[in-house]
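Let me begin by handing over the structure; questions about it come next.
Chain lettering (A, B, C, D, E and F) follows the sequence in which the chains are written, and residue indices restart at 1 in each chain.
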Amino acid sequence: MSDIWLSSLITETPQEGFDLATKMARIGVKVTQPSAEVRDKLRRDYAEDPDSLIAASQVIAINFQTVAAANNYWRD
Amino acid sequence: MSDIWLSSLITETPQEGFDLATKMARIGVKVTQPSAEVRDKLRRDYAEDPDSLIAASQVIAINFQTVAAANNYWRD
Amino acid sequence: MSDIWLSSLITETPQEGFDLATKMARIGVKVTQPSAEVRDKLRRDYAEDPDSLIAASQVIAINFQTVAAANNYWRD
Amino acid sequence: MSDIWLSSLITETPQEGFDLATKMARIGVKVTQPSAEVRDKLRRDYAEDPDSLIAASQVIAINFQTVAAANNYWRD
Amino acid sequence: MSDIWLSSLITETPQEGFDLATKMARIGVKVTQPSAEVRDKLRRDYAEDPDSLIAASQVIAINFQTVAAANNYWRD
Amino acid sequence: MSDIWLSSLITETPQEGFDLATKMARIGVKVTQPSAEVRDKLRRDYAEDPDSLIAASQVIAINFQTVAAANNYWRD
């Protein structure tokens, strides 16, 4: 995890902010399970489990709260 | 996910904000499970599982916090 | 869901705000499971499951955060 | 639930605020399961289930965020 | 729970704030399960259950949000 | 837990803030399970359980909200 993947929370649009929130949720998984091979294997399973999908959506929602606040909700 | 689905967090009314929060929760699922066919199949199951329904309501609630703050709670 | 059920987040008292938060939690379930008949049947089950009850209370708590902020915590 | 149980979020001390947050968590359960008899029975079970206890503590924590903000964190 | 355990949210350092958040998470368990004996027994179990440990860490994180805000993030 | 591990919430960059949030999530586990040996053993299991990984990512997300707010979202 030594390369730069999060240099700023500022994005052009809300949708790019949502994409960043998704990325943050994935990196949050990666710090516990660094193997891309294992993560890909697990993903095939949980992508068919509705509770896992809802839980993943929730982590994105929490990260998006942070990104949206950072961008002052793209109000301007 | 390359088309524009989230160009603004601003809505006319709280209820439209709630609808947007619901949409965000669903897109949060879609980024992990892109197949509409699989999502529709899963939905038939979890729509009958109370814990999944409560969890889905929670993701909407979290997204609604963000949308409501963006709209200054539609106070004006 | 086309009728108006959320025209404002402003309530007279904290308790009415809590009632609104409860309503929002229920609508959050309804958007995924539109059938009142199915929801009533599921409710008989989860109303006897402590974990479901705690989870439902949590969704209310999250929605209440939003309603309370909208009302400036009824401080005035 | 027609009597007044939440007339204000303001408390004298943080601890009274924590007590209020606990009460809110319990009322959040009560709105789904109105029977005191059933709730008492369920409580004997989940009070011995660590995951239920942690989940209950989480609902209190979320409600306490609201109460603490309402009281401006009892800073003055 | 009649003695004073939460007289202030203000702490000298972030780390003391984290300790306070941990204490709040534990008191949140204690209000549902007042018996220290039962809690100690349960703890031996859930301290070996990764999901319980992650859930406990989450409750601390939520309480720490409150404590950190109360202390203005120890910025000064 | 008597040594200093959290002297400040301020970090140079968002990514360092994310690393700090990860550390906070881990310390939140450590306060309940102090044995590094047990934690390492548990980690091998939950690092292959998608739901645990998503839950861990969520705790990081919650802690990151706090760190990001403390740093005024690294806007300046």
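Methods note: a residue touches a chain if its C-beta (ideal position, glycine included) is under 8 Å from a C-beta of that chain, and two chains touch if they have at least 3 such contacts.
Model, not experiment: these values are computed from the prediction.
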With one step meaning two chains touch, work out the least steps from chain A to chain D. 3
Listing by label each chain that touches chain D and chain E gives none
Copy-to-copy rotation for chain C and chain F - C-alpha atoms, rounded to a multiple of 5°: 180
Taking each chain's centre as the mean of its CA atoms, chain B sits from chain C at a distance in Å of 15
Chain D and chain F, separation of their C-alpha mean positions in angstrom: 27
Which chain C residues touch at least two other chains? 43, 46, 49, 51-52, 55-56, 58, 62, 65, 69
Connecting every touching chain pair, does the picture come out as line, ring, star, complete or other? ring
Using the touch definition up top, name the residues of chain D that touch chain C in the complex. 1, 4-10, 24-29, 31-33, 38, 42-43, 45-46, 49, 51-52, 55-56, 58-59, 62-63, 65-66, 69-70
Per the contact definition, I'd like the list of chain B residues that touch chain C in the complex. 13-15, 18-19, 22, 43, 46-58, 60-62, 64-65, 68-69, 73-75
